[in-house]
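Let me begin by handing over the structure; questions about it come next.
So that you can tell them apart, the chains are marked A, B and C in the order they are listed, and the count of residues begins at 1 in each.
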């Protein structure tokens, strides 16, 4: 629909699954950065809030061939996002100057159509009033507004950090058109450096190079959503988890079934 | 929704979508406004009674909408298409000019009747709401309820008639016969100003003087037609009062049984009287 | 007082018996009211929906009752624009059933959204590309039209028609009813369609996604089609139920048969279109998205029987029953055909809502199921009870069936 060929910035993320040990630090750092509230302990399993789900996936084989991998799944910021055009109140928007898909919580009316539309289940609903356990309120980030009950929320590539980076650039007198660099909380916190974030359109930048690597893959590419989150792995079976089921059977990607 | 809304764009999507939306809204609302304005115009023109009659006529069963020329034997079966305004009916005007229907057929119908009710006096004209009109030599008219309705209601607890000087519009309910909780709302057969009030003796209700000197009588049944009509009304009434396996005679030797309400207290008199008085 | 409100000549039960009939429905409505209060006060965690099952019982309810309420616009269209006057006998029922369905759906939607106070954002910040926006606009406008169509029926109440202006207004509104019938058909076409479009446009959900015809996916047209094939059947069933409960003949039998046959004709063409659509979906759409239809029907909950049931037992079978001229004259066949048609359209909406969310998209997703909570059932019960109560009141105090009085006297009301 939109082509942002004129844009000079398109933020993207590359997650190296071979470096990920599944520690969940990205998840926690994200929650602290973005004031993700904590549902009560009695909440149903699927009612949690996180912008960075870490999902354990295995190869379906018995020991000794059993292998597992942890896949961190933030919002994929699809170029052809299924969630934008469905929202009745224009609360989901693509920022053409950054490629970031933003969610406007004060406009969202909580119909959850976007959640039904997302194939990555990367959107979460505030089933409860936002609350933090005693003491945790002290860690709230003043740069990010918490969300109220009854609205959807999701990863926005740490838009609060982008705003701060822009403010800093303005304070240093750099022109507004010049792309700014910043690091989202997850990428910053990952102890193994598995998450790389940057401007995909930057000549000779790290993202463009990583995305072209042979071990790069995306989740459900056949759907045509074109995610801006790319995964890396040298393991063929891991690369195949991004495929849809039929493509796995057809043996797309690498080698035959069970490789 | 409005161009003033934050982030509104004048793009094709918005123009087409909102254009259709506002068109639909405009059509719906303007139709409601037109209907309301027409209603106000009708009220100003005092057409309420015409419209009410138009509506009730449409709701009446077909057997009550019978053309008067079925009674005089001209037609075998015909439903009135002019809401009993015979003056507006081409066929009626032609037939009236030719001198009315076939006398022998009418006589045959009457002869076949099981029991002839009280014969309507020839001097009176009859309205389908079971009222009659009798012209007097001084240009006034007496209005009363006919024997069938009277024998149904028996002795009314209360008779309400319009006071002297009231201007009555044709087709409106003007008098009320009440017995217990049941009402018969009597429709005036002709328009005019009330000059005297009757005492319900022989069904007499009030005396009228037509406003423009001449009363419209063309839609009222002549006594010869009324005889057949009354017979049919009696049959309909009989059907409504009969329980299965029970023979019933409302009329006996030309005289209607008095006080049917007293005789059949279980019947739905509210509905029966409404039917007889042409009320919805 | 009560008797003074009942149309003359209509045989209605006594007030105490009527209140006794209302009592269980009032209790159900109270259950619905309690549930709604809890949900408005505490939030949606009282439901069993979750981040994966973003839609649940209520969306199925909304889709089903709006489809079944299609009789209101379709019969209005047939009566006023196609001049099929026999349907006038059931048109008042169709309008009230339609009003109940649409108002019930809007109330349910208001409970379903997380921020009901922001419902007006759907108008103010309308995203004209969203199917849900189309649905919201059309349903709201159409409810207004249904309300206007309801007013003349109410104005004909025995007491109200003695008010001088009432009959005059009723008469003038009725004269322009063709405009409302036309606008109603236009609006309904779009929202029945966009309810289907809602699923067809989900390009990330291969189970629901369908190829586009013009700017709309095929589900847009299939939903209209199935709604208008079920609409007449639903009105037919409701009329039969009212006849059964009140033990009265209210309409001529031939009207019921014609409603059934109308459903049959539409349903048979719908089934052909649905089969064609399914074939294209399996052969073209799904492989293009890297999916295989078989995997959607591999779970315990949704086997291939789902598709089979929808196309045969709820499609082909009622279509063959209702298409047959002789069968639609026999009441048991008519009831069976009508019931299967109505249940079929509700089942179709159920499948599109729930199976879409149940089936996995990513290779490591699990198949999931959902069961509604007590509060969700409460709202459903409340909506059904609201409909029964409103219809019962209308039946008692308004003249819904123009032929009722005549049919009472001719068939011997004793």
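Note that contacts are C-beta pairs under 8 Å (C-beta built on N, C-alpha and C of every residue); 3 or more make two chains touch, one makes a residue touch a chain.
Just so you know, these numbers come straight off a predicted model, no measurement behind them.
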| item | value |
| --- | --- |
| Touching chain A and also chain B, the following chains | C |
| Busiest interface, counted in C-beta pairs | A-C |
| Chain whose Cα mean lies nearest the overall Cα mean | C |
| Distance between chain centroids, defined by C-alpha means - chain A, chain B (Å) | 78 |
| Approximate Å spacing (C-alpha centroids) for the pair chain B, chain C | 41 |
| Chain C, residues touching no fewer than two other chains | 125-126, 129, 133 |
| Overlap residues in chain A, where contacts from two or more other chains coincide | 90 |
| Interface hub residues of chain B, defined as touching at least two other chains | 7 |
| Residues of chain C that touch chain B when the two form their complex | 3, 7-11, 123-126, 128-129, 133-134, 137, 141, 144-145, 148, 156, 158, 161, 164-165, 167-173, 175-176, 179-180, 183, 186-187, 399, 402, 405-406, 409, 412, 414 |
| Of all residues in chain B, those that touch chain C in their complex | 1-2, 5-7, 13-14, 16-18, 21, 24-25, 27-28, 31-32, 34-36, 38-39, 42-43, 47-48, 51-52, 54-55, 59, 61-62, 181, 239-240, 243-244, 268, 270-271, 274-275, 279-280 |
| For the chain C and chain A complex, residues of the former touching the latter | 43-45, 48-55, 112-116, 118-119, 121-122, 125-127, 129-133, 136, 198, 201-206, 286-292, 295, 356-357, 360-365, 368 |
| Touch list for chain A against partner chain C, complex | 43-48, 55, 57, 71, 80, 82-83, 85-91, 107-113, 115-121, 123-129, 148-152, 219-220, 222-225, 240-249, 252 |
